Each structure stands twice: as structure tokens, then as C-alpha cells.
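Letters are used for the chains, namely A, B, C, D, E, F and G, taken in the order the chains are written, and counting of residues starts over at 1 for each.
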Amino acid sequence: MQGQSQQQAYDRGITIFSPDGRLYQVEYAREAVKRGTASVGIRAEDGVVLAADKRARSPLMEPASIEKLHKADDHVGVASAGHVADARQLIDFARRQAQVNRLRYGEAMGIETLTKTITDHIQQYTQIGGARPFGVALIVGGIENGEPRLFETDPSGTPYEWQALSIGSDRSDLRDYLEAEYEEGISTDEAVGLALDTLARTNDDGLTPEGVGVATITVDDEQYAEVSAEELEATLAERDLLASDDEDDESADADEE
Amino acid sequence: MQGQSQQQAYDRGITIFSPDGRLYQVEYAREAVKRGTASVGIRAEDGVVLAADKRARSPLMEPASIEKLHKADDHVGVASAGHVADARQLIDFARRQAQVNRLRYGEAMGIETLTKTITDHIQQYTQIGGARPFGVALIVGGIENGEPRLFETDPSGTPYEWQALSIGSDRSDLRDYLEAEYEEGISTDEAVGLALDTLARTNDDGLTPEGVGVATITVDDEQYAEVSAEELEATLAERDLLASDDEDDESADADEE
Amino acid sequence: MQGQSQQQAYDRGITIFSPDGRLYQVEYAREAVKRGTASVGIRAEDGVVLAADKRARSPLMEPASIEKLHKADDHVGVASAGHVADARQLIDFARRQAQVNRLRYGEAMGIETLTKTITDHIQQYTQIGGARPFGVALIVGGIENGEPRLFETDPSGTPYEWQALSIGSDRSDLRDYLEAEYEEGISTDEAVGLALDTLARTNDDGLTPEGVGVATITVDDEQYAEVSAEELEATLAERDLLASDDEDDESADADEE
Amino acid sequence: MQGQSQQQAYDRGITIFSPDGRLYQVEYAREAVKRGTASVGIRAEDGVVLAADKRARSPLMEPASIEKLHKADDHVGVASAGHVADARQLIDFARRQAQVNRLRYGEAMGIETLTKTITDHIQQYTQIGGARPFGVALIVGGIENGEPRLFETDPSGTPYEWQALSIGSDRSDLRDYLEAEYEEGISTDEAVGLALDTLARTNDDGLTPEGVGVATITVDDEQYAEVSAEELEATLAERDLLASDDEDDESADADEE
Amino acid sequence: MQGQSQQQAYDRGITIFSPDGRLYQVEYAREAVKRGTASVGIRAEDGVVLAADKRARSPLMEPASIEKLHKADDHVGVASAGHVADARQLIDFARRQAQVNRLRYGEAMGIETLTKTITDHIQQYTQIGGARPFGVALIVGGIENGEPRLFETDPSGTPYEWQALSIGSDRSDLRDYLEAEYEEGISTDEAVGLALDTLARTNDDGLTPEGVGVATITVDDEQYAEVSAEELEATLAERDLLASDDEDDESADADEE
Amino acid sequence: MQGQSQQQAYDRGITIFSPDGRLYQVEYAREAVKRGTASVGIRAEDGVVLAADKRARSPLMEPASIEKLHKADDHVGVASAGHVADARQLIDFARRQAQVNRLRYGEAMGIETLTKTITDHIQQYTQIGGARPFGVALIVGGIENGEPRLFETDPSGTPYEWQALSIGSDRSDLRDYLEAEYEEGISTDEAVGLALDTLARTNDDGLTPEGVGVATITVDDEQYAEVSAEELEATLAERDLLASDDEDDESADADEE
Amino acid sequence: MQGQSQQQAYDRGITIFSPDGRLYQVEYAREAVKRGTASVGIRAEDGVVLAADKRARSPLMEPASIEKLHKADDHVGVASAGHVADARQLIDFARRQAQVNRLRYGEAMGIETLTKTITDHIQQYTQIGGARPFGVALIVGGIENGEPRLFETDPSGTPYEWQALSIGSDRSDLRDYLEAEYEEGISTDEAVGLALDTLARTNDDGLTPEGVGVATITVDDEQYAEVSAEELEATLAERDLLASDDEDDESADADEE
């Protein structure tokens, strides 16, 4: 109780450190990420795979409008978890940066450079008062100099590169699974399967083609492409991940996905 | 009680997250939406239907001045629920955006693009301090490339696309009803009826032609059009929804509709 | 008591919602309106009538300096209730808007457009911090396209159109009276009588020609005109509303009228 | 006690209303006015009289430096009560407005227009945060179109017109006296006497020519003129108001006069 | 105790009045003045005398660096009491104003005008938030139109004219002494003696030539001139005010003089 | 307990000193540095060595993306400890300063000048409100005029020059070790070994080539160069520091490295 | 206890006075000065001596990087005590002012003028909110018109001139010693000895040549010059002040020197 009341004393804004050197508002923003449904990123030998749990809250909601996968540029995709409206801001920022890069230098922006431009933007919201941190994490994946690259941005504004990762709910479970199952050198197709296997672990009732989204960017064409519902259904059936029934989550309004 | 006092500690502004990653002020703004009377949106095969409960608080008040349905552009209508004055701000914003689009690109703005421009505007009020979130939700409906589209904006700044939805008071009841009764492929005329059936569920004494508003935008003419009081009366009578008497709600001043 | 302390927690500024989605500062501003003496507006067949209780606090005070009725433009009048100095700001704003409209478009500003310009201005003070809401309500009446129109603005920035209404002290009593006595199609002259009858209900000792103000704008000349003291005296006498003695209210300084 | 603690909760700034719709900081500013020594204004048939209690706190202080009467323009005088330094700001503001009017329109500014320009300026300090209200009230008197006019400005920014009034300490006593003694149609000379009689009621030991100030603006010459010490001594002696001894108030530093 | 806690509630900034209409921060700034050593000003028949207690806190400190007497312009001197660094700001302000006046109008600035320019500057710091009041009082003395003038500025921004006054520590004792001893028509030389007599009352061990400062501006040459140590020693000896020993005050660091 | 509550009272922002003259927020920022993994800097006879503990939190994370060593300019390297995103801001700042120096003066920026430019930037965040201090310490090393130089920046904005130092976790242990083992005149190669020995003291299970980073700038080529994984593995094996197994730390998300 | 809690109530910022007219934040900044190691300044017949205790916290730290003595211009030196990073800001400010003076007037800036420019800059941070006072004191010494001058700036922004003074830790002890030992007319060489004697009183174990810094500016060459380690060692040995062993202070990180 005392620990708690002490914690409260230092968590009212991003312009104060706690006595042990923590920024509580940034840590709480990470909780906002965990409130969102999971997204997964996997770097394959010949491409990058982004996948996201995008179950609708109602059968009347268009699954396509649940924004978890975003094309940032021809060769870059982004998967998000956490506060949806915040994610939109960062995606818009990323798209503008990528366009400016093409205009200014006449070439596609590197995945690492783009990621770090985003994290530097995020950092500003963790040091200067008058705003709150972004309550969202992003997986940024794409092809750079013919190589697949896969990055994470978190609410503190720290960039990390991964072979495979998950963000959002059940993060540590999914990460354990990925650490156990991921193997270097897997193909993009195998990575799509692994991504779906991973997401299935947060959905006891299985997955539906509409309830998940998968995108790939391969070394061959360097083009962001979303996997079609037909292909998804086939793959899910093949891996025995297909949900038996179309059930929707009865949860109340939520702005985290 | 403790939970409550903890909650209070993190709900004084939009620049702080709670320890569990929530933005209480955004959630409270959703309560402001629920305080407003209900609005309904339905996407039909050949058009979009917007409907709103607009009962007057006094027989001396002009029902036409209760703003729940708004024409945003020729081909776009908006139904609102929640804080009326906030809704006006967003509608004005939407109208200006639609006009700018016509001037700049010489064509009508897409429904999805318009919706996301609005939600990005809303998001700003949930991250930067010095203001409060918008206490209003909108249903944005219209025709885009010959297809009916129907979107929702909520106080967090998240856009969703729906086949049919309700916002405002009794939201979950009306949504259950819509989920049960809505069928893909219904005509605009049938959708008008379903919208009135849905609204009737929040009015124990039935509906009056002046107490509801209905607007349609059809694929045929791509024109926002409000259904006349005569037509409404006929439809209400036909569906046995007509109130037997013109009773007004004795509630005190309210700025949510 | 607990409810009260909870209420206090969310009522310190207009940038926070309460957990149930209310803006307490806007509601308190409505209380400021109720502290003001009553004003009445009635839409007649051939014009609009504005009337106000403007009793002086001392026999040495000039009744003419008690500002409750204002000419906003040739064809528009405004009656106010609440914080006098705030009312002056909004009237000045309305006058400038009306003048700009004449200069820019070469024609009189519509009553509805003018009202909504005012309410949008009021709304700004309910969402952006650093100021307080306007503690005043206005009745805006005038002729638009040959038709009498009558609107209300409240501290939330919501516009409403009325056939007849009262603002300020004893609002609900006077509204009940108006709902009972108002009839569509009454003449401007009859409406003047009804307005005085209504105001008399908040003055147990009757009315004096100096203690009330009445203005009309008729369809015929579209000119704001205040009824003379002689005419008022005659009408009051005729309706048996004339106070027997010139008593003044001994209340202390007040800035609400 | 509870009432008191509740009151304290809403009185810390001018950007919050109390639950009953009051602006406590404006009411406290009125208390600052009452802490000042009294000033009196009387409108006579042929002029306006301003009078002020300007007792020095020490025999070594120059009575002429106690600023209670101010010439705002040739035809306008101002008497103040309350915070002296605040009064100086408003007088400077009034003088600049009067000069601008002469430059822009080539004629003297009307007394009512000038007063309302001042009160609108005062109102700004009661709605926008970051400052406090003016802790001063003014009596503005002068000749407009050949007519004597007499106005009051209070800390809320409300203008009132009076036949006769007092501001500052013992306000209600002096007002009662004025209500009893004032008669319409009195001459400027008689008004000077009545003003001194009124001020004498707040000075048990009588008045001294140095301890009071009296100014007149008559219809004849439309010129602000202060009554000389000799004339004052004569008038005081004549009315038996002359203090027997030159006693000074031993009070500590005060910035209200 | 209750009074005290109530007082604390309203004394945290200059943008709030207390319920009895006081500005506590201005009153506390007056306490800062009282913490400073005394300064005295006397208006003589043919000049003005400023004198200040400027005892050093250590024998190693240069008495000349203790700033209590300042030349503001050729014909104007200022003596200060209170926060030294604040005094420097006001003196700089006064010097710039005097220079601007000479440049703009080609003549020396009047003493009264200069004083009121300073007090208006001080007032700003008592009404607008984001700063604190000046913790200093000034005695402004000089020759205007051949006449000696002597003014005081206090932290509220109120100007007063005096025949003789003291500011700083023991103010009321010294004022009593001045009221008893001052006589109109004394010469500048006599005023120097009276000033030293007055200052001696706050120094039980007598005065030293280095521990006091005296400046005069006479009608003859209208030039600010500081009295030399030799002259001071002679005068002090003559009046039997000379300290027997050079003792220094052991007090800790202080920024009030 | 009391001490603690007193401490809390002065640690909410960088614009307040505690009664004993401390800036708690700066001290808490130092705690953020201690939360980061260790970095070491050693000045050798012929070069400078920077080394950092950069263990990955997961085997799937790319060690290369853990930013602890940074090239600021050809001849300058920086090792960081603490908040990663903050470090990135300072590194970017340093790079821009170094580039500007080259453009403006046509030569490489001195190490001391660069360090002090960084610390002056850091100081701004410890005096002006509206932001928090940087939660990071830097070791800045390079060659200036043919001499190796090694500096530290801390969150207070103080620059220090060292022969050898460590920042981050276990700082005092590692410093004791360096004080005992460091000898003036050691070669860069020996310094690499000493740096690894030092880092090994914070890793009970030994070091891996991927889990550490080492960079050198030698007097010979004045070029920042990172030591390759092969060389690191050889050196670690040679010194018997090689970890037996590739274990990863199971700690939760952290933004300090 | 009560006194303490009252004190806390007024010490949270520089924009509020305490009831007894104190600025606690300025007083706390003085405590920050006392936390720094001592500096000494002595004015000799033919020059000025600045000396500082600059013991390193570790034998690995370069003593030269401990900034206590600074050359502000050819003819001006500054010794500091307190917050190092703050001192750097003021020194930079002083250097810029001195350079501007040379450019603008073609001559060296006077010591007194420079000091007062610094203190006026310091004062701004004690009156306007949004920042904290500078936690540093400076001794400014140099030659002006062929005369040695020696000034102090403190956190309140007050300038004082001294014959000899100390700032920082053990201030009052060292001052007592200086008051006892200082004699007017001593030579610069003797002053160096006295400065070392004084500093030795805060170092029980004696002084080392690296642990102290001494600078002189003589009337002859008007050039700031630091005394070499060899000369220091000789002088320390001669005066029997040399430490027997090179011990370092084990204190934790500190940003005051």
C-alpha cells in the first residue's frame, strides 16, 4: 500500500522521474500496449511477415476497418498494438517521412532509418510536458538493400531489431513460443504459418480468416502485400487453426486493438 | 472505494495514463456520448440510412432545431450522439475538409478518408493538454465509388466501419437488436424501417414524426436527403410505432442529444 | 456528502469530464444564468417579442442602464439573463458578426446563422482551458426571409429554436406558464401581453414600466424597436399587472441581471 | 464551517464558477473596493459632482498625492475606491481611449461609451486566467450632449448609470443617506454640499479641506475642475462639517484608498 | 491558528484575492522591505536629502558596494530598502525611462512622472501571474520646475508624495521621529542632520561615515551629489552620532539592505 | 519516514531546490543511469577504448540493435548508459554539433569542446521547467590534437575528464576495479582487455561476443572503429571471460541499457 | 515542526514570498552553494588572487577538468562554488558580455559593470516563474583602470565588492580566518599564500598541487594566469600545507564543486 502510494506520487506526468529513476507514465503507456490485441513480426530468409489479431467486437463491424496492419511505403509494413488512434498518428508520420525521403534523395528510405525517425518522434513525447506518451508499439518490417529487416518501437522511443517478436496482449507467452519455434533461415511461407500458430495461442477458439491479418514483404518484389482471406482460410485449415464458429467478443468499447 | 479513489487519481486530464494503461478522460467522454439520445446508421444494398431520436424537451421547442442529423457534403451525412456543441465543431470541421477536397482535387471526398480526417482531429484532443476530448460520437455515412459506406468515430479518435450500428443511450440494447435483425442486402427502404424499429426500443411510448429524424443517401443519386414528416408518419403508422400522444420529456437543461 | 465531494473533484475546470460524462463548470455556468432576473421571448405570427425583468437595485439607479435587451442588428434583438458583463461580450461579438456579414455579402445575416456563430464561439470556452464558460444565456430573435425566428443560446454552446421560452430565474415556472398559455398564430401585440403576464409571475408586487423592458421586431418593418414606457404603463394597467408602489430590491451588489 | 470550506474550494481563480454559479474572486475584488475610503458621485441638474475621502495616513504625506479624483478628459472625471495602483491602470486606459476617440472621430468621447469601454476591459480580467480582477470601482462622470451623466464600473465589468452613488467603505450607509437626501433637479452647488454631507458620515471627527477632494464638471463649460481648498474650507465650515483638529489615521501601510 | 490557515490559503500568488479583498503576496513583499536596513528621505526648502543605513556585514566588504543610494538622472536620486537585486531592476528601469524622456522631449523628466512610471511598472507584477511582486520600496527625490519633490513607491505600485519619510526596518519608529522633528522650511544642510539623527535611532552603537550614505539634490544646481566621507564624519561628530568602534554585524547572508 | 515525506516534497520538478540545496529530479535521473547496463571508457597511451555491456533480453533480439556505442564523428565515439531514447537525442545533438563545426571551421571538433556543448545542452533541461532532465550518462572519447581524451557527461550537465571510468549499473564496484587495475601508459590493446575484465565483473556468467561492444579510436588513424565479433571472441577466450552458454536475461521490457 | 511545515508552504517556487518576506528558493540555492567546495578571492595591492579547492573524487579523474577557476576575459577571472553546470552557464554569459563590450566599445569591460550584468541576469531567475535560481556563487576578480577589483555574485542577484572573501563550504569559518589574517596592502604573492592558508582550513589532510587551483591577475600585465603545479607545490611545501598522501574523497556523484 505504501509502495503504491509512493508510486502514485511520481506517475502524474512525463516530466518527473521517480526516486528509483523510472518514468511511470512511459511504463503505463506500455500497459496500454498490452491492452491491445497481439501482433507478430517474423523475419524470414526471403522476406518479412507481419500478422495481427483483428477480431471484430461485433459481427456488424467490418473487419477490414480494424487497423492493425498498415502499408507505410511500398517496401515497408507496420503492425501495431495498443491505442489505435495513436497508432494512426505514428503511421501517418512514418508515411510522410518515407515520402519526403523519396522526394529528397530519390530512393526508398531504409527500414532502420525510418524506425529511428519514428522512435525519435516518440521520445519527444516522453520528455517535454504538455502531452502524454504514445500508447502504442509498432513492428516495422521491410526490405533494405535486399535484406529483410524487422524492428520494434516502444512507448519510450527505443528502437530494437528482432528476428521475430510479438507486441500487445499475452506478449511474454507469445514470445516464449516464438523463441522455441523460430528457426533462422525459414521461408516467408513458413513464417506466415508460424505467425498464425503464434496468434492462435491467444485465441482459444481458433482463428477466422476475417479475424486475422497477415502481410508480407519479400526480397523478390519488395512490395507490401496483404494475404487474401482465401489464402488465409486455406492456411488456417491446413494448420488446423480454423475456428469452428464465428463468435464475437462481447467486450465494451475499446480503443486499443 | 479504494478502486474508486485510485481511479480518480488518474482521470484529471488527457495527458496521463492510469497504471493499467487507460485514458480515463476519454472513457468519461464516452459516457457523455451515452448521455445523448440514440442515433442509428444502417448500410443497405443501395444506400445508407441515418436515423436519430430527436425528441424535444418542450412542446414549445422547434424539433427542427435539435441537431442530430447533418449534411456534411452532397454525398455524406452525419448522425451524432452526445454533446451537441462539440458535434457542431466536428461537423463544421468535416464540411470544411470536404469542401477543400472538392476545390483541391475537383472531386468528392471519400467517406473513409473523410472519417479518418475527423478521427485524426479528435485524437489531437486526447494527447495534447490544455483541452478536453470531444464528448461526441458520429456516424458518417455516404456513397464512395458507387458503394454505400458507414463509419463511426468515437471520442478516442478511432475509426470503425460498420454494416449497422447505434450510438448514444441504450447503445448495447440497440446493437443487440441490430445484430439480430440486420440482414445483408436489405434495401434502403427496408433499412429505414429497421432504423425506426431500433429507435422505437428506446421510446416506450412510441415515436412521433417530429421526434425522429431519418436521412438517406442512395447509390442512385448520391444525395443526402431527409425523409419528410409525412413519409415518416406513414412509415411509423405502418410499422405500428406511432406514439399515441405528444408527450415531452420533463428533464432539465441538457446539452447532450 | 460523498456524492458532493466526488462532484467537487471534477468541477474545477472545463477541461475535465466527470466519470458520468458531465462538464460541471458548464452546469455551474447555467446556475449563473438562473441567478439573473428572467427574460422572455415569444414568436408571434407577425413578429418576435423580447421582454425582460430589469428592476433596479436602488431608486437612484437609472433603469435604462440595466442591460437586458440589446439591438444586435436592425432586424435582430437579443435578451439576456445571467452575468451582465459576459452578456456584453457576446452581444458585441454578435454585432461584429452581423456587420461583417453585411459588408461581405451585402445583406442581413440570418437569425439562425447568427445564433450558431454565437454558440460556436461559446463552445470554444467549454473545451479549451485557460478561461471559464460564459455565465449567460441569450434569446436571439428577429426576422429572416420574412419569417419571425426565435433562438436560445446556453452556456454549453448549444443552439435551440423556440416558439416561446424564458431564461433566468424561475425558468421552469415561467416555461410551464408559457406552455399552457402560448398559442400558435398569436399577434405581436398579444405576445407583448403574454410576455408581461409571464414576467409578472416572478414579481409578486407587480411590474413597473421602468422595471421591465419589451422589444419587438415585426415582419412588416424588420426593425428592432423598444416599447415606450407610456405604452408599457398602459398595457400593464390594462392587464392589471401594475405594481402599486415603487419598491426596490435591497439586495447587495450583483452582477447577474 | 462547511459552507466556508466549500466556498474556499471555488475561489482560487476567476476561471471557475462555484456550484451556485458565483465567481468568488470577483466578489473578493468587491471586498478590496470596500477596504478603500469612500467616494461619492452626484448628478445635478447642471453638472456632475465627484467627491472623495482622501485622508492622509501621516501629517508628512502630501494630501495631493492621494489619488482618488482623476481627470480622464476635459469633460470627464473619475473617482475611485479600492486598490490605488489598479485604479491608475484603469484611468490610464480611460485616458488613452478618450484620446484615441478625439483623434479618430474629432470629438469628445461619450460618457456611456467610455464607461462601457472600461467595463469591457475589466471583464477580460474576470474570464481569462493568468491574472486577477481589478480590485477597484470607479465613478465616471461628465457631460455628454449637454447632459450630465454619472456611471459606475465594478470589478465584474458591469456598467450602471446612477443619479447618485457611493463606492468604497460604508457603501450601504452612504447609499441609504443619498437615497434619503438626494432630490432630482438639485444644482451642482447643492450637490457639492450633499456630497460633503455624505462623506462626513464616514468621518466621526469631521472633514478637513485637505482630507477631502471634490471635482465638478458643469454643463456650462464642460470642464473638469477641482474645488479649491479655500472653497472647501468655506463650504465645510458653513455646513458645520469642519474637523476640530488635524488628526491622522495611525493605520499601517495600505494600498487601498 | 484557523485565521492563519485561512490566510495561507490565499497567499500563494498575486492572481488571487483573499475573501476580505487583500493581496497577501503584496503584503509579504512589504515584509521583504522591512527586512532591509532603513532609508530616509527629507524634502527641504532648497533641496532634497536621501540617506541610507549601509552597514557592511563584514569589515572586508567594500561599503561602497552596498547599493542603497542611486543616481537615476542628473536631477533625480533614489534610495531603496528591501531586496537589493529587485531594487537594481527598478533603478535600471527608471534610468532608461529618464533617458528616453530626455531623448524624446529634450528635457529632464518630472519627478512625479518618473515615479508614476515606476509604480505602473510595479503594478504589472501584482496583477499578471508568472512572476512575483518587487520586494523593494523606493524613495524618489529630485528637483522639478525648481521645486524639491519627494516620492515613495511601494510593492503594490502606489505612489505617494512626502515631506519626509523612512522605508525599511523600524519604519514606524523612524516615522514617529520624523513627524516629531521635521519642520517645513528647513534647509538642506539641516535636513542632512535630521536624516542622520533619524538613522541613528536604528543603530544603537552609533553611525560610521562608511556605514551611512547621504545624497542631496539642491534647487541651485539640480545635481545629484553624494556627501563625502569626510563631511559625513564631521557632521556625525558634530551631532555626537559617531560610533565608538568599527563593529560589524555578524548576520548571515542577506539580500535585503 | 518523515525524511522521506520531506524529500518527496521537493522532488516534483527541476524548478525547485530542496531546503538543503539539492535538485532531486537530477539525482533521480542519475538513478535512471544506474538502471542501465554498464559502459566503460579507458584512455590508453595511444588511443581511447569504449566498451559496453549490451546483453540482449531475448535470443531473438538482434544484439547489434542495442545501442550503447555510437560514432559521433570520425574521431569521436560515445558510450551511453541509462535511458536509450534519451541517449539517442544527445548523440544526434552531438553529431549535428560536430558536423556544424566541420562546416564552419573546416576542422574536426575538439573532444572537450564537444563534451561541453553537450553538457550545456543537458543543463538547460535542469533549470527551465516544462521538461525533465536527460536520464542518461555518456562517455565521450576521441583524439584531439593527437592526444586521446576521455570525458563524462552526467544528468546535471557537468563535464569531467577521466583516465578511466564506468557508468551505469554497478558503477562504484567497477570504478574500484578500474582504480586498482588501471595504469597510465597502457596500450590500446591492453585497455581493451582491461575494459572487458571490468565489464565481466557485472556478468557472473561471463561475456559473449554478441553481448558486449568495444570500440577504439587510436592516435594513429583517428578513426572510430568497432572491434569485430571474431576479435572479441578471441580476446574473451584468451582472458577466460567467455560465457559457457548463451543465456538471456528474462527481465521485462526496459528502456534503459 | 509547525514552523517547518509553514516554511514548506512558501518554498515551492520563486514566484511567492513567505509571510515574513523571504524567498525560500533563493535561500535554498544558497545551500547549493554551500554544498560546493570552497573558493577564495583576495584583492592585493598589485593584483587579484582567485583560489579554489578542486579535489578530485577519484584518482582516475583529471583534476584539470574540475572547473572552479575560469578566465572570463584577458583581464578577468572567475572562481565559482556550487552547481557546476550552472556556473558554466554564467561564465559563458560573462564571456559573451565581455566580448560584446570589446566589439561595441573597443575596450575591456569594467569588472564592476561585468559583475552587475551577471547579477541582473541572475535576478531574472528569482522573479519570473518557469525556472529555478542559479545554484552557484561567483567571485569575479580583475583589473579595472589599473586597480584590482574583487566582486561576489550570489543566487539572489546581489553584487558585493570585497577585499577578501570565500564562497562555498565552510564559508563562515574561512571568512573569520580571512578577517583575522587579511591586511590591506599585501602583495599578490602574499595573497597567494593567504589564499592557500585559507583553503587548507577545509582540508584536514593538507593540500596537493592538483587538488587546488590558483589564478592571478596583476596590475602589471592585466592577464589572467593560473599558477603552475610546480609553483603550487613549492608554495605549499614552503607553508607546510602539503598533504602527506594522495587520498581521494569517497563521496558519491556530486554536481557541486
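Convention: a contact is a pair of C-beta atoms (placed from the backbone, for glycine too) under 8 Å apart; a residue touches a chain by one contact, two chains touch by 3 or more.
Because the structure is predicted, anything quoted here is derived from the model rather than measured.
Q: Hey, how far is the Cα centre of chain D from the one of chain E, in Å?
A: 31
Q: Could you please state the distance in Å, as a whole number, between where the Cα atoms of chain B are centred and where those of chain E are centred?
A: Here the centre of chain E sits 69 Å away from the centre of chain B.
Q: Find the geometric centre of each of chain A and chain G from their Cα atoms only, then give the gap between the two centres in Å, rounded to an integer.
A: Roughly 55 Å, centre to centre.
Q: Indicate the residues of chain A shared as contacts by at least two other chains.
A: 30, 129-130
Q: Pick one for the touching-chains graph, please: line, ring, star, complete, other.
A: Contact pattern: a closed ring, each chain touching exactly two others.
Q: Starting from chain C and stepping next to chain D, give every chain of the ring in the order they occur.
A: Cycle of chains, anchored at chain C and oriented toward chain D: C, D, E, G, F, A, B.
Q: Within their complex, state which residues of chain A touch chain B.
A: Chain A reaches chain B through residues 7-8, 11-13, 24-25, 28-35, 58-62, 64-67, 83-86, 88-89, 92, 125, 129-135, 252-253, 255-256.
Q: Of all residues in chain B, which touch chain A in the complex?
A: Residues in contact with chain A: 6, 9, 14-23, 26, 30, 116, 119-120, 122-123, 126-130, 151, 154, 156-165, 172, 175, 178-179, 182.
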